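Shared between the two complexes below is chain A, which pairs with chain B and chain C, respectively.
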Partner chain A sequence: MKTAYLGIDVGSISTKAVLIDKKNKILARDYLWTEVDPIGTVKKLLYSLSDQLAKINEHHQDNPYQVQAVGTTGSARRLIGSITGASVIKNEITTHAIGTTSLYPEVRTIFEIGGQDSKIILIENGIVVDYAMNTLCAAGTGAFLSSLAQRLNEKVEDIGEIALTSDNPTRLAARCSVFAESDMVHKSQIGHSKKDIIAGICQSVVTNYMNNVAKGKRIIPPIIFQGGVSKNIGVTKAFERTTGHEIHVDPDSHLIGALGTAILAKNSKDPRPFDFRISEADFQTKGINCDKCANHCEVIAVYQDEKLIDAWGNKCDRGRVI
Partner chain B sequence: MTKYKVSFPHLGNYYVPLERLFTRGLDVEYVVPPAITKKTLELGSLHSPDYICAPFKFNMGNYIETIEKGADTLVQTGGVCRLRYYGELQSQIIKDLGHDVRFITLSRGALSKPVTLYQSFKEINPAMSVKQIGSTLPVVMTMIESMDKVEDFVRKNSGFQKAPGVLETVQEDFMQRLRRTDSKKDVKKLYKKTTDHLLEIPLDKPKNPIRVGVIGEYYTIMEPFSNHDIEKELAKKGIVVDRWVNLTNTLFRKDWKRKKRVRRYTKYFMGATSMFTVDQGLRFAKQKYDGIIHVKSFGCTPEMDAMPVLQNISRDYKIPILYFTFDSQTSDTGIQTRLEAFYDMIMMRKGGLL
Partner chain C sequence: MVIGIPRGFLYYKHETLWKGFFDALGITYLISPKTNQEILDRGNEFAIDEACLSSKVYLGHVHWLIEKCDKVFVPRISSYGMDGEVCTKFPALFDLVTNTFADQEIELIHYNMDFRNADAEAPGFVKLGKLLGKSRTKSLRAYLIAKQGEKTQQILEGNKVREAMEQNGLKILVTGHAYNLHDPYLGTPVFEMLKKLDTIPISAARVHDKEIHRASHQISQNIPWVFNRELVGTIAHYQRKIDGIILITAFPCGPDSLINELVLRRIKNPPVLQLILDGQEGTAGMETRLESFIDIIRFKKEGYYDKI
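Our next item is the complex of A and B:
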């Protein structure tokens, strides 16, 4: 039997999953929009990975791959970790660092922009030495690009290419999504062309990132850019213009978090063999408002086929469910 | 004659010495504000300007809840930043809400000028006696000093208890007993007994434990509810948590060498706690701590000014610094994520496997 490891990254906008072998090679991969339904999305992804694995196993019938451990990351890591019986539930900063250094051991700087967060991770000799993450506000992230693209009646997937056609990006306010949007409308009304505005938006993502997340950090190449926004070539080029360095984007740049947590699951001392049939089980979550004091903790209870399997969210023992 | 029912907003566990100051020193009743909860913050935010710093909102919530509990006199301190203006604004808001209470701001009083302090106290209770406050103040100071020392010990060792929570239980018990002490001698005796007890609690501390220093803005650093219990969360991971900022160190100790120590990094005074922040950040860096956590409330200008200085320290001494900004609506999840990553990073730097 050959061993495989599953990594799931449940982000605010999209959910990513990878299966790796013991040499960290990706065997199967897929991603889907989360659409505010993390459990349903993960189930669909598990079906897809299960199919891909079955096809691979056709060639290795005497020695099939078997998933030995699961790792989760992303904002729904606790919930998904609980229903998949994960060995590792890890924050997205660590998993991105682990995933990236496994592919690019020489990396010094990681730019990561996801759906609602953005971070910078500085690496020296393969270990994280500093990091920063956006606080309080999601300006300059994927959510910002999506909302402006919608306003411009363009697909968010297309705006990177459109941005490349402009040689005169419009200057836009980058501090805040709401200000950027009104600024964008104003610039279009005074006659800036759409392609220049789109290039301006890509530039403003970078300006925002440099002024907030990367402020005060020493940026040293090689630089790897990842997260959903790294698929936007316009933003990548704007990063190159701003930093004066070449920016690497891996073809799997959106999967690095999932890869990282799969690697951590592989290294974990607590392997828990995983059965894809879990995607057929019925999972329900229930929010309970504890009213034992004025804190009103929101306790989340998770049920598998009507049986309580996990609960969290209480600040003290009085609110304990499980 | 019925006594005034006086209250002062919460700051960690300091309601215990404050209660002593007001009841014995000023001969008034003291209304302990109900423990801060989400409701306190909601009430406070509802009646505060949106962009004011978070401590203002917490204080506001405390005031409203204590008025509901029967307080008729509210006291606000002065300070060296926007805190100085809190009182004026808060008294106006409370008046506009239709509460008929006295509001006394100590802004005019300064610790360095006892006369001004006396005038402020006189406002709280015109019938106060100088003799009484004179005999109470030393007791209050001893109370503050001993509770600060106990808290410091708990912070540094909580993460290594063989049975979690024992240190905290002793500390809570100490605070309850402290309320019932009478004289300076009593306080000292209780402190001695508590220390002996604390030292007996079995610890499982490695030779070179992970050490993290906490620095930042006065209120956020000292009121655990406002920083989402960040010190406890750190300790839980098996970390020595070190924090210099407390009332003893900031009010009772004068340090004339601070300015000289920080001169390489900052020439001018940047207001409020910024110099403490830089000085302590530098100390943690020089003493080779594994990391520093900087906390502030949203919009705290002096601490914002201290941040670029901290970045220079971080670069020179290669010490990681994690910055937290708290407002009224930060969720626990984001804080957990950043703390967990910070811990992982320290472990990686130390060469520990994940």
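Our next item is the complex of A and C:
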């Protein structure tokens, strides 16, 4: 029996999953929009991965792959980790650093812009030496791009290509998506073309990132750009203009977090064989408001086929469910 | 007569002094409970939107005390003399509370501290005693006893930090204003998370030490605010004994916004993480930041990257 490891990255906007073998090679991969239903999305992804694995195993019938451990990451890591019985539940920064260094040991700088988070990770000799993350709000992240794209009546997937057709990006206020939106409307009223405004939006994502997340950090090539926004060629080009260096985007750039957590699961000392049939089980979550003190904690309980399997959210023992 | 003490702001600095003074004079007092969601909600209602989180919490505590005591104790402190200035919030606090609760049944009691007008701590407490109908001698004696208690407390706090520094394990210095760090609703969850991550969180916010004041000069010689000077001093003083530094700030804090930037630019080793608290109810964002910060320090130390 050959071993495989599953990594699931449940982000605010999209959910990604990969299966890797012992040598960190990706055997199967897929990603879907999360659409505020992390459990349903993960189930769909598991169906897809289980099909892909079944096809691979047809060629290795005497020695099929078997998933030995699961790792989860992303903002719903706790929820999905408890459902899949994960060995490793890790934050996005760690998993991205691990995933990227496994693919590109020589990398020095990682730009990462996701749905609600953006971060910069600096690496020296394959070791993380510094990192920073956006602090308070989701300005300049995927959420910013998709809200402005919606306002412009364009698909967020298309705006990168449109941005490339402009030679004269419009300058936009970049600090806050609410201000940016009113600035954008104002600029269009005085006659800026749509493609220039779209290019301006891509540029403002980069300006915002450079001023808030990457401020004061030394940016040394090779630079890898990843996270959902890295699929936007307009933003990538704007990064190249601003930094003056080539920006590398991996074809699997959106899967790096999932890859990182799969590697962590592989190295964990707590292997727990995984059965894809879990995607047939019925999962329910229930929010319970604890009224035992003035904090009114919101406790979340997770049920598998009506049996309580995990709960969290209580600040003290009085609100304990499990 | 019952004096109400709001559990916020300088309570976390002068708890021993205040309680000691009232105890020595035989005056009963009532301290508002530990900050909880309800107190913060009340504070949000009464505070203006732009006020800092800590002052919202403070107003929540004052509100809780209304009708439960005869007088609410709100000192007016504008400087600590040679030690430095304080944020404008503190001299304004008395008037802020008076005006915020102008249409409610509330009576305040205070002491002043303003070295420029020769209002040092001792005369301030004597005047406070007078407001409470106590003689000058009695008040002064009460103050001296209480001050002794405060000094002892500070020495004990210093010993605690020194002991923690001797322990084996990943040591994380958590700095910030005492009223944020030690507030059970704001700062304490950070300490609990750090303990869960198997590290030793160390706070030196309640240590008052000449050495620490001097150490602050290594980072900057002219920080006007006394609390920030202490905070920078602890960083300079312990820098070599710790594995990481976490700066905790309540949004939006004027002095911190300047000083934290200074620390981030001038301290290269050990790594520094800045956390901004704004009454967020979800803890996921904070967990992510703390966990990754600790992971990276630990991976670097233990050479995890070789195993990938």
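As a convention for this text, the second predicted complex is superposed on the first by the 322 of 322 C-alpha atoms of A that agree within 3 Å, B and C clash if a C-alpha of one lies under 4 Å from a C-alpha of the other, contacts with A are read in each partner's own complex, and residues count from 1 in each chain.
The rule is simple: a contact is a pair of C-beta atoms (placed from the backbone, for glycine too) under 8 Å apart; a residue touches a chain by one contact, two chains touch by 3 or more.
In this text, all values refer to a predicted model and were calculated from it rather than measured experimentally.
**Q** Following the overlay on chain A, give me a clash-or-fit verdict for chain B and chain C.
**A** Verdict on chain A: clash between chain B and chain C.
**Q** Compare chain B and chain C by how many residues of chain A each one touches, and report the one with more.
**A** After superposition, C is the partner touching more of chain A.
**Q** Regarding the shared-chain residue A:102, is it in contact with chain B (first), chain C (second), both, or neither?
**A** After superposition on chain A, A:102 lies in contact with chain C alone.
**Q** In the superposed arrangement, does A:220 touch chain B (first), chain C (second), both or neither?
**A** neither
**Q** Of the partners chain B and chain C, which touch A:92 in the superposed model: first, second, both, neither?
**A** So A:92 meets both chain B and chain C here.
**Q** Regarding the shared-chain residue A:316, is it in contact with chain B (first), chain C (second), both, or neither?
**A** It touches nothing on chain B or chain C.
**Q** Indicate the residue numbers of chain A shared between its chain B interface and its chain C interface, in ascending order.
**A** Common interface on chain A, chain B vs chain C: 75, 90-94, 98, 127-131, 133, 135-136, 216, 267, 293-296.
**Q** Help me check something: in the complex, which residues belonging to chain A touch chain C?
**A** 24, 75, 78, 90-94, 97-98, 101-102, 126-131, 133, 135-136, 216, 263, 267, 293-296, 298, 315
**Q** Over in the complex, which chain C residues touch chain A? Could you list them?
**A** Per the stated touch rule, the residues are 36-39, 185, 189, 251, 264-265, 271, 274, 276, 278, 281, 284, 287-289, 291-292, 295-296, 299-300, 305, 307-308.
**Q** List the residues on chain A that touch chain B in their complex, please.
**A** Against chain B, chain A makes touches at 75, 90-94, 98, 127-133, 135-136, 216, 218, 264, 267, 293-296.
**Q** Once bound in the complex, which stretches of chain B touch chain A?
**A** 34, 37-40, 298, 307-308, 311, 314-315, 318, 320, 323-325, 327, 330, 333-334, 336-338, 340-341, 344-345, 348-349, 353-354
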